[in-house]
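What follows is subunit A paired twice: with subunit B in the first complex and subunit C in the second.
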Partner chain A sequence: MWYPIAASDDLPFRHVYHAKLLDQELAVWRADDGFVNIWQNRCLHRGVRLSIGINDGQELKCQYHGWRYANRTAGCTYIPAHPDKAPARTITNRIFPCVERYGLIWSALETPVGEPAGGLALSEKPLVLRGITVRAPAAAVSAALQNLDAAATIFVQPVDSESCVIRGLVSPVADTTQRMEALRHYNDLLAALRDSVEQAAA
Partner chain B sequence: MVLYDYALSANCYKVRLLLGMLDIPHATHFVEIFPSHENRAAWFRKINPLAQLPVLDDEGFVLRDSHAILTYLAARHDASQSWYPRDNPRLLGEIIQWLAFAYTLGATAGAARLHDSLFVPTDIEAARTGAHRLLRVLDEHLWFAEQSGHSWLCPAPLPTIADLACFPPIILSEEGGISRQEYPAVRRWCDRVKRVPGFVVMPGVFPAGPAADF
Partner chain C sequence: MPAHLRRQRGMAIASLCAMTEQTRLDPAAANLWHPIAARDDIRPGVAEHSLLLDERISYGIDAAGTASVWRSAGASPLPCLERYGYLWTSLGDPPADIFAIPEYAEADRRRFNAASVGVHVSAPRAVENFLDMSHFPYVHTGILGDETHTEVKEYDVETSEARDEILATRCRFFQPRSSTAADHGMEVDYIYRVPHPYCAVLYKSSVVDAARQDVIGIFVQPMTQERIRAHMMICVLDDRSTDATIKQFQQVVFGQDKPILENQFPKRLPLDPKAESPVRADKVSIAYRRWLVRKGITYGVIPAAAA
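Up next is the complex of A and B:
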């Protein structure tokens, strides 16, 4: 099953996004050619998080000893301690599935079946709401969302057993002022839901 | 100009950042806090009776408190007047508001870091909980700022001293066991601060990659 793990806007130029899906930490980065990489958040050398690494547009470089990994393949391209040797092809980071659609980045831990958002009739360019992290299990949040009276399509990203992210889409709004009002409105609505779920879970 | 400075101090780092970004020539007088507590020595208490760092000495004008020093340096040495825009009352109000927020970050995220790294006693769970409460507020603020076309804490085209006051306790938060994974807008803002020309690192702070190849 596909889960949204970020908004497209979460991946600006030369940034590395730090995500977590079903207890798996992910380093997510967009290369200069637009390709979105979703990798295990761990350098194969010493295990340092790649989410603190450097996205140079073509490669992701680990901050610790400078190992570099290529866009698309996640293959190690350079090991500074061995400048004259090409790294073995087996030194390749773990890649997770990725689809960018409806203004969201979708992934899964196993090879997912079907399409993201499973056949819902959605605008291709919707207004993407701010992701709201809730410190409560995804099941509890999904249950609370059943009572939400809103014209939004809502997805829940399970982060780990204790938290999740509410990610919502609504119809596009052209007018800037109205767009900001809509974003505020849904943010306040979902934040209130977050607060009540967290209070109940505490 | 002399900065009395301790390498591992987040408050000293605020001042080092502005000195770097404004490219102000200065000398540094290192004062060790841990483990020798040189800051408590009689000679230093004559300079700052509170025994705290940083302290700035600008040709005999002695100023303590990182935010006071940021204000003074920006007002005195920033010809562009962008770091502390003296003639913009609303912006000044917002800057002071975020300077106060930076103190609360220091009292929570900062205290958690000092607890874990320099063994300073504190209620560690309360410190971490308090830090997460603040980071949640900050992430929402920065996300809406981005949506409104703003990159910085205050709605100005360039960063202000508010950004530099908040940055150190945030970028060092993981040393106090406070992850920033839940705060993507805060993480993007950290990248932007790191890309300000003149940015300097400190132990525990990594540089960002270049925003583009020039």
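Up next is the complex of A and C:
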């Protein structure tokens, strides 16, 4: 099953975004050719998080020893301590599936069947609500969302056993004032839901 | 009480129960001498408190200048040793003395604790970072390395059974500003010693005297499996800089390492050779991991069998 793990807007030019899905930390970065990479968030050399690394547009460079990993393949291309020696082919980071759709970045720990959002008829360019982190298990949040009276399509990203992120989509709104109103409305609605779920879980 | 505080307190109690269990599980670590504080940082007549191998400990210096250490619970006394400006203690049956640093006795050296810094990492990860040259260009850019000199040239590593320590020699690295006494870049010679599972000492070319070496030690206090205090011993030749300047230099350098260490996962050092991907430059780290396996150290590591 595909889960949203970030919004497209979380990946500005040459940024590396730190995400987490089902207890797995992810380093998410967009190369200059537009390709979005979702990798295990660890350099294979000494375990430093790649989300603190540097995205140069083509490669991701680890902060600790400058090891570089290629866009798309996640193969190590350069080990500065031994500049004349090509890195072993086996030094390739773990890649997770990725689809960018509806203004969200979708992933999974195993290759999922089907489409993100289960083939729901959604606008391809919806208004993406801000992700709201909840300190409660995804199941509890999903249950609470059943009673939500809203025109939004809402997904829950399970982060780990104790927390999740609510990611919502609504129909695009052309008018700026109305868009701000819609964002404020859903923010209030979902923040209230978060507070009640967190209180119940505490 | 709010739930998250209640949970925290519950965890604190659980870890108190686990601690004596922990020292039973790793007698090799319990029987070592461990650094707990720089003597200069202890206010006379005041009981100070800290954590060692998950156990609450207290220490102090009385009016006569005598230092003592005891278990916070029950106040039973613990062994106490003063070496290289630090108080050392043990929760088990420690050897008669700790490793020797003969240079510390040389009167013309500047000797003090540069800093004691808390880091959210295991002790062996901090030691390994201290032994590593290949991070200089990236983590200590413009000071201990630069990105135009990244190669780690071949060096030698010897694990001495007789002295019970690891020695890395013939280490060379170009450094833009190797110490407070340096005003230009130069290729610096290093020797690294690991005379203790959680302590390491380096000897590097002195800018002041070509025949002698600056000595810098990292003495790691394992507070828990994944939290430490790193005590940095300075023993250098520098007749120009103030204490504050020398301390600041070390603190800048360690301040660059700290966020790297805190972003390393797993926090405990994996001892399975396949857990990470070493290269030739990591020879000393490979020897260190093997040495920890042979010593039976389990505190702060992921044992090979379990990895």
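By our rule, the second predicted complex is superposed on the first by the 202 of 202 C-alpha atoms of A that agree within 3 Å, B and C clash if a C-alpha of one lies under 4 Å from a C-alpha of the other, contacts with A are read in each partner's own complex, and residues count from 1 in each chain.
The definition used in the following text is that a contact is a pair of C-beta atoms (placed from the backbone, for glycine too) under 8 Å apart; a residue touches a chain by one contact, two chains touch by 3 or more.
Here the structure is a predicted model, which is why all the values come from computation and not from measurement.
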Contacts of A:184 with subunit B and subunit C, given as first, second, both or neither: first
Which of subunit B and subunit C A:52 touches, first, second, both or neither: both
Which superposed partner A:6 touches (first subunit B, second subunit C, both, neither): first
First (subunit B), second (subunit C), both or neither touched by A:17: first
Touching partner for A:173 - first (subunit B), second (subunit C), both, neither: neither
Partner chain in contact with A:63 - subunit B first, subunit C second, else both or neither: both
Partner chain in contact with A:130 - subunit B first, subunit C second, else both or neither: first
Common interface positions of subunit A, toward subunit B and toward subunit C: 25, 52, 63
Parts of subunit A lying in touch with subunit C, wherever the complex brings them together: 25, 41-42, 44-49, 52, 62-66, 79-83, 88, 90-91, 202
Residue numbers on subunit A that touch subunit B, as the complex places them: 6, 9-10, 12-15, 17-20, 25, 51-52, 54-57, 61, 63, 130-131, 133, 163, 180, 183-184, 187, 191
Partner subunit A, residues of subunit C touching it in the complex: 2-4, 128, 134-135, 137-139, 147, 150-152, 259-260, 263-266, 270, 276-281
Contact footprint of subunit A on subunit B as seen in their complex: 136, 140, 143-144, 146-148, 180-182, 184, 187-188, 191, 206-213
